[in-house]
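What follows is a pair of complexes built around chain A, which joins chain B in one and chain C in the other.
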Partner chain A sequence: MGKAFDIMLIFEFIPTLIHYLGVTLQILAVSIILGFVLGIAAAIPRLYKIPLLNQLVILYVSFIRGTPILIQLFLVFYGLPALLMLLFSIDITRMEAIYFVIITYAISNGAGFSEIFRAAIRAVDYGQTEAAFSVGMTSRQNFFRIVLPQAVRIAFPNMANSVIGSLKDTSLAFTIGVMDMMGRGDTLIAATAHALEVYLSLSIIYYIVVLLFEKIFSKLEKYFNRYQKADVTAVA
Partner chain B sequence: MTIDIPFIWVAFKEIIKALPITLILTIVPLLAGFLIGIVVALVRIYKLKYLYRIANGYVSFFRGTPIIMHIMVIYFGFPLLLDQISLRFDLGLQTNNIPIILFVLIALTLAAGSYLSEIIRSGIISVSNGQLEAAYSVGMTKFQAMIRIILPQALAQSIPNFTNIFVGFLHTSSIAFLVSQKEVTGAANIVASVNLKFLEAFIAAGIIYWGITILVEGISFLLEKKVTAYNRGGVS
Partner chain C sequence: MIYLKGIKKSFNQLPVLKGINLKIEKGEVVTILGPSGSGKTTLLRCLNFLEKPNAGLVQIGNIIVDAEKATKKEMLAIRKQSAMVFQHYNLFAHKTVVENVMEGLIVAKKVKKKDARQQSERVLDKVGLSDKLDHYPSQLSGGQQQRVGIARALALNPEVILFDEPTSALDPELVGDVLSVIKSIAQEGITMVVVTHEMSFAREVSNRVLFMDEGVIVEEGTPLEIFHAAKEERTRRFLQRISGETYFLPLKEQVN
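Showing the complex of A and B:
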């Protein structure tokens, strides 16, 4: 196989691997969007203390935060088909692996987001709600026009971190056989036996994408804080 | 495919034997990474010439790439590097004899160092400047002020963050199974493959991780109460 380590190979592999960045980003985007919806749905019972649902959400969040994403991936991959078979006798064992990955990451992101939303909505000063009521807004108007816009601003940095963390987590999707960047890297290793070079090129790609995301998010954060005075610590 | 509930207990008893390795893979990197983290944080706070650029690069790169990459690059790269060195200096090192767990520990330590340095840094920055001024005013040196006044307060404030990192690395250690380590996830995988009961084995592994996470969060909660008992602001 020639030299044991060839630095040029790192740059030769990058174009091949970057071709599969789309799959990685697709997993990320869909699971973030689904996770967002799930997160809102899970935050509502906790904010309004809806009995039973509240306890269920606490259990859900605790479980997701208490187990590694790898275990969650395996549980969905092996558990979801069994569950659907048992309850509705639907056979999804032939479903493509990428859907299992998206479902897992959506469930995982949903738990994280629900906690972030909850904390952000709690962080909005109650005086804002009182002021909204005092000018005659309904509770619904208050939520959508007053509380939510401010909560988004507070939640944004945490959400950005979560998205970046999720991007890095997608590198585990290949363990159940998804052909993303890591999966393609695996086949490259099998073909060329240059594992180190493949992983170095993958690191470079991930690093650049993460840096890009960080840049975009910090721009967005500035935009969200544009009406904010220097002191943003004044939250109750 | 149906669920064999009694087998979960059988798998649980088998998998929990691998718990010590998971704990080693969690605690050792965090302790070693803590030392790296303090040094890196201080280098970045005092902006030591040249060194702080290296420290910035280290933190940014390790936080910007998935941990699986660190494990893989060191797993494949370290033996190559050692072979070259041993060939050059005629040391006669046998890299095949080095246990794989050592590579995993090195990779996780480097990753932990970068994450912990950020936490320690933000902890140090959050200690009010008046504390430093007070320390100087009673004649402490820069070193004494840091060790006796700033660091204890910074670390006490960072306990929730340390807990998050601990839980995060407990979960991250599951990646080690990809380089054939027999920790909890690896053991679950073996039990699953031998008995062809994947779902049950991963449920058992999930319960183990979940249990430890809840335990750690409980301990941290008590610790936080104890450490911050003297931290009273205002009139309360």
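Showing the complex of A and C:
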């Protein structure tokens, strides 16, 4: 790829690229929040074995797990406008590319989250529910006051992994023309022909952001685990 | 007062309770003995509908529920008449000791948080844990956890406290502590139904002993009657085996 390697360029590119970190984080934040809601909605039919919906969710989750995210992105990008046109004659072909990205990642995260939630809720000892009933709680009170807080602790490490995975996956958004960090990198390469330097700058930025996320998550995890066995000596 | 009539329960067509009739007066301490699989724990759990009986009437205090037609609301109402102490404690893992005791008061009894805390602290003092209020269950020994379990039940001031093998999961040296707490609250005149393998407890504390086997109450009477003059062969055999004397017979024979 053309020009001689120039190490200084790596650092010169960083400010230009980091300017687009906001877009990346925006995609991540919105798709995580939507995925969270979708994940809860999808976990409910699985937990309560609601007929039909249960099977649909199983299919949804297995399809998302079994196909590459890049292909899902294209399926949404080309498929969603076609589908909406066919069913409701709504034309969304002019919608900004970033929305397609967000929808794709929300669907993808939703599938992952639903499995994480389901497993976490199942993992809370049934004895906790029996105890809640024995003191006179309703099913709803039991779920929100006893089961859910403990499920959050169990789900958290997997959620954190998903978020970090998702952050890295957003780098595919440029393939449908979204101007995030990766998209900007692409144009930089076209303009300067210093591909290696651009990719090195990008890796540095992604790496630092991931490290930061990991730091925050490990703090949160400690908080969620405060009532677990680990630090008996600290309080006793 | 507790009144059971014709309680039947099966799991997957396997009958576990075959029509239990039982009356327990206010202030009575009743222990249920019996071999494992005899249905004693199931009977206890039918009292607060943790197991829903297939048929029969359950009355606790002034709430009567027909098991066959029990609605969620009725089940909740009858649960509020009782409290349970579990074999494996089942303390709320994410709540501190005092929060565990407060939880039922706040959520089910709608007691104000401040009052709930006061009441909970008083009960925890009674079971000797006032120095552990802000500990989490995972930081306590089994015996301490079970005493929190007892405090949680006691705080609700229910018509009856149900004990499901409260000392079976404890290390032997911790059993004494927990039993003495149960004894002391028994002496306060709280109605208790206790499923246990602690014969000394059954003998010393209870007013009445039920012996169950294969889903029926085989025999009932005062501890004196059951332990020293059991009428039924099955009861005698069970008590003999529990007391451990026959355990060593085969060994002795081998030695000779």
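The criterion applied here is as follows: the second predicted complex is superposed on the first by the 227 of 236 C-alpha atoms of A that agree within 3 Å, B and C clash if a C-alpha of one lies under 4 Å from a C-alpha of the other, contacts with A are read in each partner's own complex, and residues count from 1 in each chain.
Everything that follows uses one rule, which is that a residue touches a chain if its C-beta (ideal position, glycine included) is under 8 Å from a C-beta of that chain, and two chains touch if they have at least 3 such contacts.
Since the model is a prediction, treat every value here as computed from it, not as a measurement.
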Simultaneous placement of chain C and chain B on chain A, clash or fit: fit
Which of chain B and chain C A:Gly127 touches, first, second, both or neither: second
First, second, both or neither for A:Ser218, with chain B first and chain C second: neither
Which of chain B and chain C A:Gln228 touches, first, second, both or neither: second
Contacts of A:Ser171 with chain B and chain C, given as first, second, both or neither: first
Partner touching more residues of chain A, whether chain B or chain C: B
Touched partner set for A:Thr187, first chain B, second chain C, both or neither: neither
Once both complexes are placed on the shared chain, angle at chain A toward chain B and chain C, C-alpha, multiple of 10 degrees: 100
Contacts of A:Gln55 with chain B and chain C, given as first, second, both or neither: neither
First, second, both or neither for A:Ala82, with chain B first and chain C second: first
Partner chain in contact with A:Pro149 - chain B first, chain C second, else both or neither: second
Shortest span in Å between Cα atoms of chain B and of chain C, once chain A is used as the common reference: 17
Chain B - residues contacting chain A, complex: 1-3, 60-61, 64-69, 72-73, 76-77, 80, 83, 167, 170-172, 174-175, 177-178, 185, 188, 198-199, 202-203, 205-206, 209-211, 213-214
Of all residues in chain A, those that touch chain C in their complex: 125, 127-128, 130-139, 141, 145-146, 149-150, 153, 226-229, 232, 235-236
In the complex, chain C residues that touch chain A: 48-50, 72, 76, 79-80, 82-84, 86, 88, 90-96, 103-104, 107-109, 134-139, 152-153, 156, 162
Chain B-touching residues of chain A, taken from the complex the two chains share: 4-5, 62-63, 65-72, 74-75, 78-79, 81-82, 85-86, 93, 168-169, 171-172, 175, 182, 195-196, 199-200, 202-203, 206-207, 210-211, 214
